[in-house]
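First up is the structure itself, then whatever we jot down about it.
A, B, C and D label the chains in the order they appear, each numbered from 1.
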Amino acid sequence: MPDVSSTELMVIVAARELKDGESVLVGVGVPNLAANLAKRLHAPRLLMVYESGAVGSNPTRMPLSIGDPCLVSGAKSVCSMYEQFAYYLQGGRIDVGFLGGAQIDRYGNINSTVIGDYAKPKVRLPGSGGACDIASNVKRIIVITPHQKRRFVEKVDFLTSPGFVEGRERWKELKLQGGGPYAVITNLCTFKFDDRTGEMTVAALHEGVTMDQVRENTPWEVKVADDLQTTPPPTDEEVSALRALDPDGIYLR
Amino acid sequence: MEAGKLMSMKEAVAKHVRDGDTAYLSGFTHMIPFAAGHEIIRQRRKDLVLARATPDIIYDQMIAAGCARKIIFSYAGNPGVGSLRCFRRAHEKGVPAPLEIEEYTHFGLSGRLFAGATNMPFLPMRTNLGSDLPPMNPLMKTVVDPYTGDTTSVVPPLRPDVAVVHVQKADVNGNSHIWGIIGEQKDAAFAAKRVIFSAEEIVDESVIRSDPNRTLVPDFLVHAVVHEPWCSHPSYVQGYYDRDNEFYVEWDKITKEHEATLGYLEEWVFGVADRREYMEKLPAGTMERLKPTPALSVPVDYGSV
Amino acid sequence: MEAGKLMSMKEAVAKHVRDGDTAYLSGFTHMIPFAAGHEIIRQRRKDLVLARATPDIIYDQMIAAGCARKIIFSYAGNPGVGSLRCFRRAHEKGVPAPLEIEEYTHFGLSGRLFAGATNMPFLPMRTNLGSDLPPMNPLMKTVVDPYTGDTTSVVPPLRPDVAVVHVQKADVNGNSHIWGIIGEQKDAAFAAKRVIFSAEEIVDESVIRSDPNRTLVPDFLVHAVVHEPWCSHPSYVQGYYDRDNEFYVEWDKITKEHEATLGYLEEWVFGVADRREYMEKLPAGTMERLKPTPALSVPVDYGSV
Amino acid sequence: MPDVSSTELMVIVAARELKDGESVLVGVGVPNLAANLAKRLHAPRLLMVYESGAVGSNPTRMPLSIGDPCLVSGAKSVCSMYEQFAYYLQGGRIDVGFLGGAQIDRYGNINSTVIGDYAKPKVRLPGSGGACDIASNVKRIIVITPHQKRRFVEKVDFLTSPGFVEGRERWKELKLQGGGPYAVITNLCTFKFDDRTGEMTVAALHEGVTMDQVRENTPWEVKVADDLQTTPPPTDEEVSALRALDPDGIYLR
């Protein structure tokens, strides 16, 4: 197995979750790398839709922000901000969305708004952006996050983007059109979500990782899948394709 | 409103931006009107309500300068870099002054602007439910969908007092062509009571009229037209210049302390008279470095009968 | 859905238009897809629900041919001329068959399509109140505006089974450029479950990619691409051909009697195999007569970083 | 006074009602002529917005339909159908709209839908199109119509586009943003609407017309303004400018 950083590992594992022909809503950074990697390898017909309205982009570099002209020059289409959220996201045309955040709980609820009290914040984070909209409308949510105790919490300080809220029953009551959280990919393992309860469940441990390590970094009593797998290690092909995407190591440090 | 719309940014801000205004300086991380923001700071506007989905560095600067009493936003970050430290300092610690917040998702805020632009009574949308955002914001309400009986989230229209929109080409009356990531530019112009357009180039009306499908906003909505090349530096303008990315990274360091931030404003905002002086003050070769290679669109034929 | 989208109109209709479909052949008196309508008649589709703000002559023909059981519309006229006599004969007298109607205002119907395209639960709008239209149409409802308490008119989304959109330029995958009066083309394509695009010209993908802001609908929404020059005759296509106005006037006479109308269809629809034969059958010089003088747009620079 | 047809007279009288700097929503035909005439004469800064989304058009001929390419070539701007109705009309940006119809009543309610019963029509008309939307949203509605008994009715068979409905009180209750009917221009007279009741009132008789003629052609007891005027006759300038706009006499027969 090639020597990879934990970010590289997470991106490679995330890329494998994308299927050929799916549409993916991409932001800048790590999710952009995962989508591009999948496209280079097993999903050549992956459709990438950027939050800023660009579709079918051919960027000549890693975009500096979501409004980067490199996402527009040579793209198939671009539309306004409201149009992007209305026609594509609310339109139900996006299969997969990537989210991250400062905190996540066992139902995949994500906080990217505030640490501490909303009115008197300890740390004010950037906020939802499109995250809550993505969480509510795409078929599958994939979360990429380092596996740290301060990130995996019993209860998020602020629920920015709904996972299954208090479980799949509650999700159904909300009548959101999205499919909810699908996978959480960390540097230790891949979680999926229980079909019945909607609780985060360890589906696969990355090579060399033990359940004890996962438990140490997750504050609740972690559920484990009956058919717990081991994540196949990154291949040379995956690693070299990924590194070619970010030659300056902007995101892959 | 027709005659004499062409003016300097100084005149446009003096005439159309007032203390206490709700101001929408548009741009979804692209074509951010930095020159307008700097002029608002120079003219020491105060008590502004700054609205924009993505406040970006320019709102961070305006907050540090003490122009703002409140911010309406959906993502307060330094795009591609990290935090907006001045926004945080004001909101978390009240430095230089307390900053009230009113917060949405991207869809919610761009929807409020769309509803304002099209004068909808309210806008139903498939988001917000289940999130903690609605409980924090009394303007986010629900109605019962009369077709399904489902609870539906709604937001009200947003009508800024003044909008600033930067574009690539405009004629002297404010007909303009915009391309690239067009974000909320159209909705900002239609939603606001007063509208300032600035342009990289002032072109003859015939250039606009050669391609009316590209015009997002016709002139009668525009109150001031400013010829302001490099208006958006250090942000980018499709086809004209790239982002000066080092500055975006540098801003994160400058703003670690409020004093250093004021030092930046003193030198780069108060220390120059206008955008031209600002550009002249930048290191030699900056403009050349940021110029992209031309890539022209294939023309279309409108025909004439 | 990617491979093999390029096909003849005959194949596209055979594959994507089904008996009983709600069909939206788009165009606001401009770029009316006559070739698609004729092919639907030739393939003797029936029980269609024909939806469009402005049914135009082509729906009149489809009604006379017995393809339709219902029409969803807001203005059933021969644009610039007068009545749609076949529509009236069917609705008033049941000839050749009874025609159910579902009626809106222009804003209401284009709003239903916009709501369908963007998957809104329902669309509030400032119209309909005080009119006799809502009592005749149970799909037009009211809700109470949660901000003002006012009664607000709402319409539900419209999701046609199939949409036909004619454009000037498309690539083989269905990325396309449209200009001129763009009516409800974009919303029809986004709202429908199956989407047929026809184009005056099939161009290389690089032409579309040279100007992505002009693309209204990216390829992944498109199920069939048809290269169909003169698709819209006798309607017009901006930059390509003018309206053959004599025919619009003539239609008013042809359709005075149902028999004469059938005679027209026999000769000009069933009597030809496709659009090419139809064009060849027109008087010599028709195409030259309708060609406008070129008037090219000024290109814009997207730049490349 | 030049010899004019009754259509020419109505167009000239209508053009006079348009003020410089106003925005007008125009369809094809007679209203288009009135707006263009005003622009040529006293209202050079009249802003013409076409129902099809074109703004600032420079048509080289009388448009054949609302989607005529001549409204787009050389225009300032064009947008989609929903955008036109949403941004401009619902946006409250249109000062004046022109309407016509098969029937009109004393409150300016217009029928352009059906003669007879809606379900079993005697004559099915084209329907609202944008008319109801225009009636609900512009500041001033101007109706141009021949003065015939079959057109002026006690009660419209179908209320397509609201005038003051049952009077100004009812209009206020509906909370429509428009100003309602402003003038009805016929070949005999100009009606305005009573400030209090919203009832159609003869404001001016065209030259040579008597109130008896108006009464003969109006089935209800017609109200007359206290300061009844005589319409100033068309000037040579008005007539020649108008005829230059429609040299083939398509609309001015």
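Simple rule for what comes next: a contact is a pair of C-beta atoms (placed from the backbone, for glycine too) under 8 Å apart; a residue touches a chain by one contact, two chains touch by 3 or more.
Model, not experiment: these values are computed from the prediction.
Colleague: What is the graph distance from chain B to chain D, where chains are linked when they touch?
Modeller: 1
Colleague: State, to the nearest whole Å, the distance from the C-alpha centre of chain A to the C-alpha centre of chain D.
Modeller: 57
Colleague: Please work out the Cα centroid separation of chain A and chain C, and write it as a whole number of Å.
Modeller: That pair's centroid distance is 40 Å.
Colleague: Between chain A and chain B, what is the separation of their C-alpha centroids in Å?
Modeller: That gives a centre separation of 29 Å.
Colleague: Multi-chain contacts in chain C: which residues touch at least two other chains?
Modeller: Where chain C meets two or more other chains at a single residue, that happens at 119-120, 125-126, 148, 150, 179-180, 182, 210, 213, 238-239, 242, 292, 295, 302-305.
Colleague: Could you tell me which residues belong to chain D and also touch two or more other chains?
Modeller: Where chain D meets two or more other chains at a single residue, that happens at 54, 69, 72-74, 78, 86, 90, 177.
Colleague: What topology does the chain contact graph adopt: line, ring, star, complete, or other?
Modeller: Looks like something else, not a line, ring, star or complete graph.
Colleague: Going by the touch definition at the top, which pairs of chains touch each other?
Modeller: Applying the touch rule to all chain pairs gives A-B, A-C, B-C, B-D, C-D.
Colleague: Write out the stretch or stretches of chain C touching chain B in their complex.
Modeller: Residues 119-126, 141-148, 150, 152, 154, 156, 168-169, 177, 179-180, 182, 207, 210-211, 213-214, 238-240, 242, 292-305.
Colleague: Considering the complex alone, what residue numbers of chain B touch chain A?
Modeller: So the residues of chain B touching chain A come out as 27-31, 53-54, 73-77, 79-80, 83-84, 87-88, 91-92, 103-108, 110-111, 113-114, 125-133, 136, 148, 150-151, 179-187, 236-239, 242-243, 245, 248, 292, 295.
Colleague: Which positions of chain A touch chain C when the two form their complex?
Modeller: 21, 23, 45, 47, 54-56, 58, 60-61, 69-70, 72-78, 86-87, 90-93, 177
Colleague: Okay, in this complex, where on chain D does chain C touch?
Modeller: 28-29, 51-54, 63-69, 71-74, 78-82, 85-86, 89-90, 113, 118, 121-124, 126-133, 136-137, 158-162, 165, 170-171, 174-177
Colleague: Tell me, which parts of chain B touch chain D in their complex?
Modeller: Within the complex, chain B touches chain D at residues 1-2, 117-120, 175, 190, 208-210, 212-213, 215-221, 302-305.
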